[in-house]
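Two complexes are shown next, each including subunit A; its partner changes from subunit B in the first to subunit C in the second.
Entry: the complex of A and B
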């Protein structure tokens, strides 16, 4: 009996870990693309929140989860558009604008939530899972990894898509150059501003999608500050991954397990403050950094707006 | 993050026409600050209109509470104290080219240690010694907390944005754990530290409710500004910030200076926490995190890491946050609108600076 309980418990834990990891994964992949192109996107927390709110609104009023994902991604991209205009096109300070966008979206989504949903707190029905035949029959692993919403598999596939993009395509090389030596890219006849704008808008769409997943599938509702620092975790993941999408996936899963463990322990009624478990992933990463601390391979022009002809 | 333009400003001051020029300069600065703020208020007002709140009433309450009512302005000035310390710490870090984004973790740990130590110390030592010891402990704890990012950056070249962000997540959790498990007041049901009696807190100024922490904060930020702009040590830090490789060739001990920058920056953030607790709050409740750092970082950038300008921006932030809280309560709007307002003010100020810069360039050309 206890054996059965622990198997069920374990697979629920892992299922929760994947659910918690997806927003981090999408935010991390997005941030990675911005950083590759030389834009430090601190506004990603705001983009996640915009995606979460608009994604929920879209799904709630249309009744379609997929439409919710579309509106969520559009919301994230809309915030990214502001960032692209201000930080890429006219070169304002990325940290000032990034933090300002995060603060503003925190306030704005909380405000809109107050006027729209604070009396009713509507919930969405549980999301339909796409069950993968055969694989989902494996004990423990099956229900944990192969009974998720379709978007989860797409997000994981995106990791490999990104890897292909960075290694094998012209756009991938352009992105890399826009972050490492924008002047060289410019001389080669490719528009740096355009390349960086593409990166920032993609970041926004991915973060918005992550936010929409968080609200619509993960929680089933929108509450103010629902992202709770996931965007900043995404920044950490992107920087730790040193430009490799697969490492973002591993990192997101590690943090996902810890987040899921927090919930599981609350459910199980174990009397340790959840803060202790929340510290675990950060402790693990810090210890790893202390032991193997290598120079982060960040793009040379990260955080520096590109201005043609400037020295 | 370049070395600032202070020398050119002082050079123009030596001109014969300096009086008129500086007056026009000051007027120009004032216009370039107040104009964007007005524009931001108009934009934010449109949002208020959209959600069905009278913007004039809202701003009226903000000004009344944040600036013009005697009680309100005292609260505003009190709120400034921790923000000034945070800004001072950020000025040191940013001028030296270190992105210390871990201010909130350092702030909270400083706050928790001050909250834990002060009630004990006041019982066994004279008042002033007790408070000084609590301040010192908060500073040391915050400094230790910054040691890992500092050493990793100094000797391994690990990017400090990642490490300080992670340490701030760790720090907020650790502060909660400390409040809930270690320093919990056994006399209350809600998890919080023991409360420092009002008479043992930092004295208030004269007959007001303004904390004397305000004076400490002003002193801190002015000292930091002078050290960074007028001393050899400050120059060394600015060289490290402008070009670390050149600093090595100039014979500066960059790793040592890096560690010093983190220690000073974190120590000031820890002081900010201690001043807020010993001066105002009296205890730390579990899950208390005002996240001041997030609003102060852009303000320091907009002030171009100039201490005096930062004082102005911190004052503006305090007016908006104290006034906003009150206006929100009276009009039944959630307090979150203050965040929107602060955000729009920051963006419009950044935009105005850009426009001003472009205008000056085109005039020179």
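Entry: the complex of A and C
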């Protein structure tokens, strides 16, 4: 069997879907944490981009993919630190600062890349896959899901780690209180500013990691604007997931399939205009918003800076 | 009524305020206040709405920093820098406004504040809670979501939380406002036991009888200044009536025996007049933690005030919301002027003259960050003459708002002030003005005077009487039996979502209602 429905095609499609889903998943999980704590993090697209750029630079000069992940996460966290200072500590408008950060990072990373590499786009060597024994032998499913870079499995494990964090730990309670009724958290003796700062920095690190994966493993190179709205898709995912990490995973995979399908159809040379094909993921966003958007419940204090004693 | 322990050793102050001043833009909320808080004493803090009581508490609990003056803890000047610091110093506070996270369960709320790396200690908590609730005589649903509890139950949870923390100084800011008479007495007894164990308590209330019954020392605030104090020695020497009249003199500068005991004017309700509101077999399905309603039936005639008495959390809120259209009824009929309205929307019922004054003034009654002026017209957004073609008519709004502010005596720095900045009594006036304006025929009041000072309570009650006198039908829901007895023509008692009896408000109504409330036949 050849063409669209061959086993090879299908597993390549799913493999691509997982690869495309990981940055969305990490961005979505990160955004979810910020939102839980009451901070609407629109700057996440910029954090993703910072992670992609610094992740690539780190891996390119050191030759180590893992070091690239570290520099990427640090880059995302650094942008998040600016966000935390301006929006959490000083209490500036989260939407304005978020947009400013995203636009700023788009320009900055493009500029830096231009200075360093001029018009060349050097590639990293292909990432090693961690092949899971036995499972990877299953037809179609095996090559699609069990032959990925180690970080992919870690990201999926993180989903369950987050679920545990939110439902079973003190930090989870604190985060939720910071988003739903920050004054109650404050009078319970927990610093709201600190709690929200931790959440925003974690968001930055996760988004940075997602960006580094996108550049280093997904694409193998950095090009300006490489994230192409993945951070915004992460925001949509976080809003639809209603605080549940597992739903972020499902949503990320769904978008991943759409993104992968886009590439696959282009590669397969199917006769539809590319512009239409590229709309697919965004069409999926619309459909999901129509279907589930109304039930999305956001924390009561989302987007509102906390000031002690104000009323 | 005071303990022996307070008279023994010359107790040293646990916490003392010296010349503390706190300013907010345009207002001095506390003006050079001195206060000494001693172990073994219940210090009652009294004052009108906006006198600055909560502001003072804010400084003791680390939420606010004084602009001038200092706070001494155990005799040492100690700036209380954060709520965490206050808790570490042993100062536990039950705040006036709910400080619970609505989306978390009661247990989770009680656990809030643990170090982030710890696992929530649920079992330990359950044991400790069981111990406290049994002495308090209350039951708490540990696994219920806070948003599903009535305001009274939430208040109990907050008191419980302060107890769980084992404070040296316990501050209760209007913590009796949502409790039943029985709950209030139990809290009073509990306070007595705690001070006997050497705790210090600061107790804020607007009910002078509570002050006289539970206090050892009374301080009165007025416009941010401390205008008087009754020390324990004098307190013990005076009887209840003498204390109350002394307080009234300090607060209002006028003498009166029991200001709340106004004669109920005999009104003529035309018994033959057709009922304005007819409710028959109204039913609402119960939710996990709120009772439903079953076969509720009553009529209210024009000019009549029907009271609903009962222990908080027995379906009062559900009844009010079902009538207003905010909660789906599962059966029964509601007729306004003979026309069935049970299928109509909230807005449509309002247009036909049914008005609902919620007890949740800040939560559902007003939008805290909106200016006072807009809050008057929240339920008319988009309607002429205040909006035309979707455009806000500033001049019209301000003109009418100015009238209402004057008419209802709303004390606000300006029309633009966000409503949440006003004191509780003034927020209530904004609500009253909004709901009683144009076209009201039938009004539901849910706990209309809770948290109001004496002057505002009396003014609100007068408003309600005037409302009925204008020929409107009034449903008055309250947990304050005195209030119902002083206002209503008939009083129905609600228990477990059903009306267990209705009595005419004549001579022996008090005993009859009381019997119904504790489950006996009238």
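The rule is short, and it goes like this: the second predicted complex is superposed on the first by the 283 of 311 C-alpha atoms of A that agree within 3 Å, B and C clash if a C-alpha of one lies under 4 Å from a C-alpha of the other, contacts with A are read in each partner's own complex, and residues count from 1 in each chain.
In this text, contacts are C-beta pairs under 8 Å (C-beta built on N, C-alpha and C of every residue); 3 or more make two chains touch, one makes a residue touch a chain.
Fair warning: this is a prediction, and the values are worked out from it, not measured in the lab.
Engineer: Look at the residues of subunit A and decide whether subunit B or subunit C touches more of them.
Structural biologist: B
Engineer: Check the residue A:190 against both partner chains and state whether it touches subunit B (first), subunit C (second), both, or neither.
Structural biologist: Second partner only.
Engineer: For A:157, decide between first (touching subunit B), second (touching subunit C), both and neither.
Structural biologist: Neither partner.
Engineer: If we overlay the two complexes on their shared chain A, which of subunit B and subunit C does A:99 touch? Say first, second, both or neither.
Structural biologist: A:99: touches subunit B, not subunit C.
Engineer: Please work out whether A:180 is in contact with subunit B alone, subunit C alone, both, or neither, and reply first, second, both or neither.
Structural biologist: Only subunit C; A:180 stays clear of subunit B.
Engineer: First (subunit B), second (subunit C), both or neither: which does A:170 touch?
Structural biologist: Second partner only.
Engineer: So, A:278: does it touch subunit B (first), subunit C (second), both, or neither?
Structural biologist: Once the two structures are laid over each other on A, A:278 reaches subunit B alone.
Engineer: Applying the touch criterion given at the start, work out whether A:115 contacts subunit B, subunit C, both or neither, answering first, second, both or neither.
Structural biologist: In the superposition, A:115 contacts subunit B only.
Engineer: Just to be sure I read the superposition right, which of the two partners does A:309 touch: subunit B = first, subunit C = second, or both, or neither?
Structural biologist: second
Engineer: Could you give the residue numbers on subunit A that contact subunit B in one complex and subunit C in the other?
Structural biologist: Correct list for subunit A: none, the interfaces share no residue.
Engineer: Under the stated contact criterion, what part of subunit A meets subunit B in this complex?
Structural biologist: Residues in contact with subunit B: 40, 86, 90-93, 95-97, 99-108, 110-112, 114-115, 224, 229, 232-233, 235-236, 239-240, 273, 275-276, 278-279, 282-283, 285-286, 289-290, 293-296, 298.
Engineer: Taking the touch rule as given, give the residues of subunit B at its contact with subunit A in the complex, in rising order.
Structural biologist: 47, 51-52, 99, 148, 152, 156-159, 161-163, 165-167, 169-170, 173-174, 176-177, 180-181, 294-295, 297-298, 301-302, 333-334, 336-344, 346-347, 350-351, 354
Engineer: Note which residues of subunit C are touching subunit A in the complex, please.
Structural biologist: Residue positions touching the partner: 58, 61, 63-64, 82-84, 87-88, 93, 95, 97, 99-104, 108-109, 111-120, 368, 420-421.
Engineer: List the residues on subunit A that touch subunit C in their complex, please.
Structural biologist: Residues 168-171, 173-174, 176-177, 180-181, 183-191, 195, 299-300, 308-309, 311 of subunit A touch subunit C in their complex.
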